[in-house]
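Pasting the structures in now, so scroll down.
In what comes next, chain A is part of two complexes: it sits with chain B in the first one and with chain C in the second one.
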Partner chain A sequence: MSVWEVFRRERKGQPLEHAGSVEAPDANFAEAWAREQYGRRGESVALWLVPRDAIRDVEDWADEFDLKYRRVDGYSIKARLKEARERAGTAGPG
Partner chain B sequence: MNEQALLGLADDELVLGWRDSEWTGIAPLLEEDVAFSSIAQNEIGHARAVYSLLSDDPDALAFDRALEEYRCAPLVELHVLEWAHTIARRWLYEVADEIRITTLKDDSDPAVAGLAAKIDREEAYHRMHAEMWHERLRDEPRFEAAVEELWPYALGVLPPELRGELVSRVGLAEVEAIERGTHTEELAPLWEEMTLVRRSAPAGAQW
Partner chain C sequence: MAAVEIPRDEQAFLEYVQGGGQVETTDWMPDDYRAKLIKFIEMHGNSELMGVLPEREWILRAPTLQRKLALTAKVQDEVGHAQLIYRVVEDLGKPREQCLADLVDGKAKFHNVFHYPTLSWGDVGVIAWLVDAAAIISQKALLKCSYAPYARIMKKICWEESFHILHGRDVILAMVTGTPEQFELVQEALDRWWGPLMQFHGNPIPSDEDPMYRWRIKSQGNGEARQQFLDGYVPQIWELGLTVPDPKLRKRDDGDWEFSEPDWDELKHVVTGHGPKTEERLAFRRRFLEQEQWVRDAVLAA
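Coming up: the complex of A and B.
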């Protein structure tokens, strides 16, 4: 038995999204079971089945130098905006 | 196709749907549980469609008849809560049913032919499922024994003129069929359960 990751397309033109997985002895069983679990109520127009072994998993991210300023959410401008508004004498949205 | 034969088809689908749904929640694998239950539900849907061709009240046809009036083949009545037998029956039934549905698609009545084509499109997945399991289990002695045991029953699903094709597709010698028209003892408890709610409802109950 091996695990197959199932991706489904909900409607034509939409991207495939991860739906879940099935554990199956071969590709045919994986297809049959994925069809029933992810397609029998018309909730998908396409399925992709990918053996989990074929997936390269990337999840370690080094952040030794605290590079969060590179991200939008890592850089708060709220306090500075408030100061700037006070200097300019205009009331902000609160 | 005559009405009795259509009723036989509908009763086969209803009763096999019931039998297969007995696996819901207890199938050997979770994924198979979902798939098997879905197939069982489809079969009951096919029964409903055929009953609707025969009557304005498909529920009455499905559940209000006396036990003796059911036209199902003994194959579908058997209570076989054992996986090798269950898959052997599923596979034999699907092969026989494909032969039957193929002839129905050429029926002179366009309503019958149209419905047969519609059922056939869904049965394609059932056949894929049955064939996949057959491929996997075909060399297992337990499965082979189950197929042999059920073989006379499988022949009884089809009328005599269609059995030759079943013989060549399954690859077993033709034996005396266990014919439709008499019931096994195993139908009575199923009938009791299947019709219980309808029988216990007060007259005129609306659902």
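Coming up: the complex of A and C.
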């Protein structure tokens, strides 16, 4: 017996989402049980069955180099904008 | 951005889940959290599996072919929920075979409402409508469970339960608009089920003292769930001309419901294996578990 992760697509054009898993002795049984548990009511237009062992899990995200300049949270412009407006004389009364 | 690290320390982990953090199967978790998850989720699985027995008794006696098909489909759904749920328990470390063995040996619990008899077709309607309604309130609160794989399968379960409530309400509506005898069957069933329904969400222990809430396995307290049930369903019961068998039941001006104290001794007695139908239904499960052993053997030999 091995575990198969089940991904389902609810409607055409939507991404596959992880739904759960089934335990089965082979791919055919895995398909039969996944159909039964995740597709019986027409709630999915497609299923993906992936042997859990085949999944390469990536969870560590090193951030040794400060890469904030590539994201919006890397920029704080409020103070500089205020200063620039004051210099230009365009700052509001507030 | 670095992924949020799940703290490998019980206190910090507790703060993490209390702050809305969610946990996956492969993440580190404190032993107590894992044990509580297994206990809670296993009981849910047991309840789905045992919960079909009161209704199963009426498949052969359903009043019409349509009702027979609908009831069969509901039973199939509930067993399917048990399958999904036991899979989650299995990933936490307790094999399904062990869950089933503990269940039939009387070592594991299942919900109080599934220990009672289904005396008439009215009971079938009340179960599908009100027992499922009470259950869906608990289950909707589990969509926010700190253990994410459980929360994800709850999405599918809630979706199917909403059909069941409608099926139950339809059964009830057919009877209350039928003959006086049919109406009476519903009223009698409601009288029988009201006590167990009021006990369903459990003792009103403060949520902070409830370990299942503390670990954010549940996201609401028992008393809160009961109020939500009363608020949603008492008006629906009353509008059909049915009487709720509790003279103290009323909605206060502040929006909270007042009611007679549910019988907590009965709840304890029933869920510890002393309900009117506990023995008979466990014996039924035991018999089928043995009888169907060849199917599991054949699959494993495939």
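Everything that follows uses one rule, which is that the second predicted complex is superposed on the first by the 62 of 94 C-alpha atoms of A that agree within 3 Å, B and C clash if a C-alpha of one lies under 4 Å from a C-alpha of the other, contacts with A are read in each partner's own complex, and residues count from 1 in each chain.
By our rule, a residue touches a chain if its C-beta (ideal position, glycine included) is under 8 Å from a C-beta of that chain, and two chains touch if they have at least 3 such contacts.
Just so it is clear, the model here is predicted, and its values are computed rather than measured.
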When chain B and chain C are modelled together on chain A, clash or fit: clash
Partner chain(s) touched by A:R71 [first = chain B, second = chain C, both, neither]: second
Touching partner for A:P51 - first (chain B), second (chain C), both, neither: neither
Which of chain B and chain C A:Q37 touches, first, second, both or neither: both
First (chain B), second (chain C), both or neither touched by A:F29: both
More chain A residues in contact [chain B versus chain C]: C
Touching both chain C and chain B, counted on chain A across the two superposed complexes: 22-23, 25, 29, 33, 36-37, 40
Partner chain B, residues of chain A touching it in the complex: 22-25, 28-29, 32-33, 35-37, 40
Interface residues, chain B side, partner chain A - complex: 29, 31-32, 34-35, 38-39, 125, 128-129, 132, 135-136
Touch list for chain A against partner chain C, complex: 1, 3, 18-23, 25-26, 29, 33, 36-38, 40-41, 43, 57, 59-63, 71
Chain C - residues contacting chain A, complex: 1-3, 26, 80, 83-84, 87-88, 90-91, 96, 149, 152-153, 156, 159-160, 299-300, 302
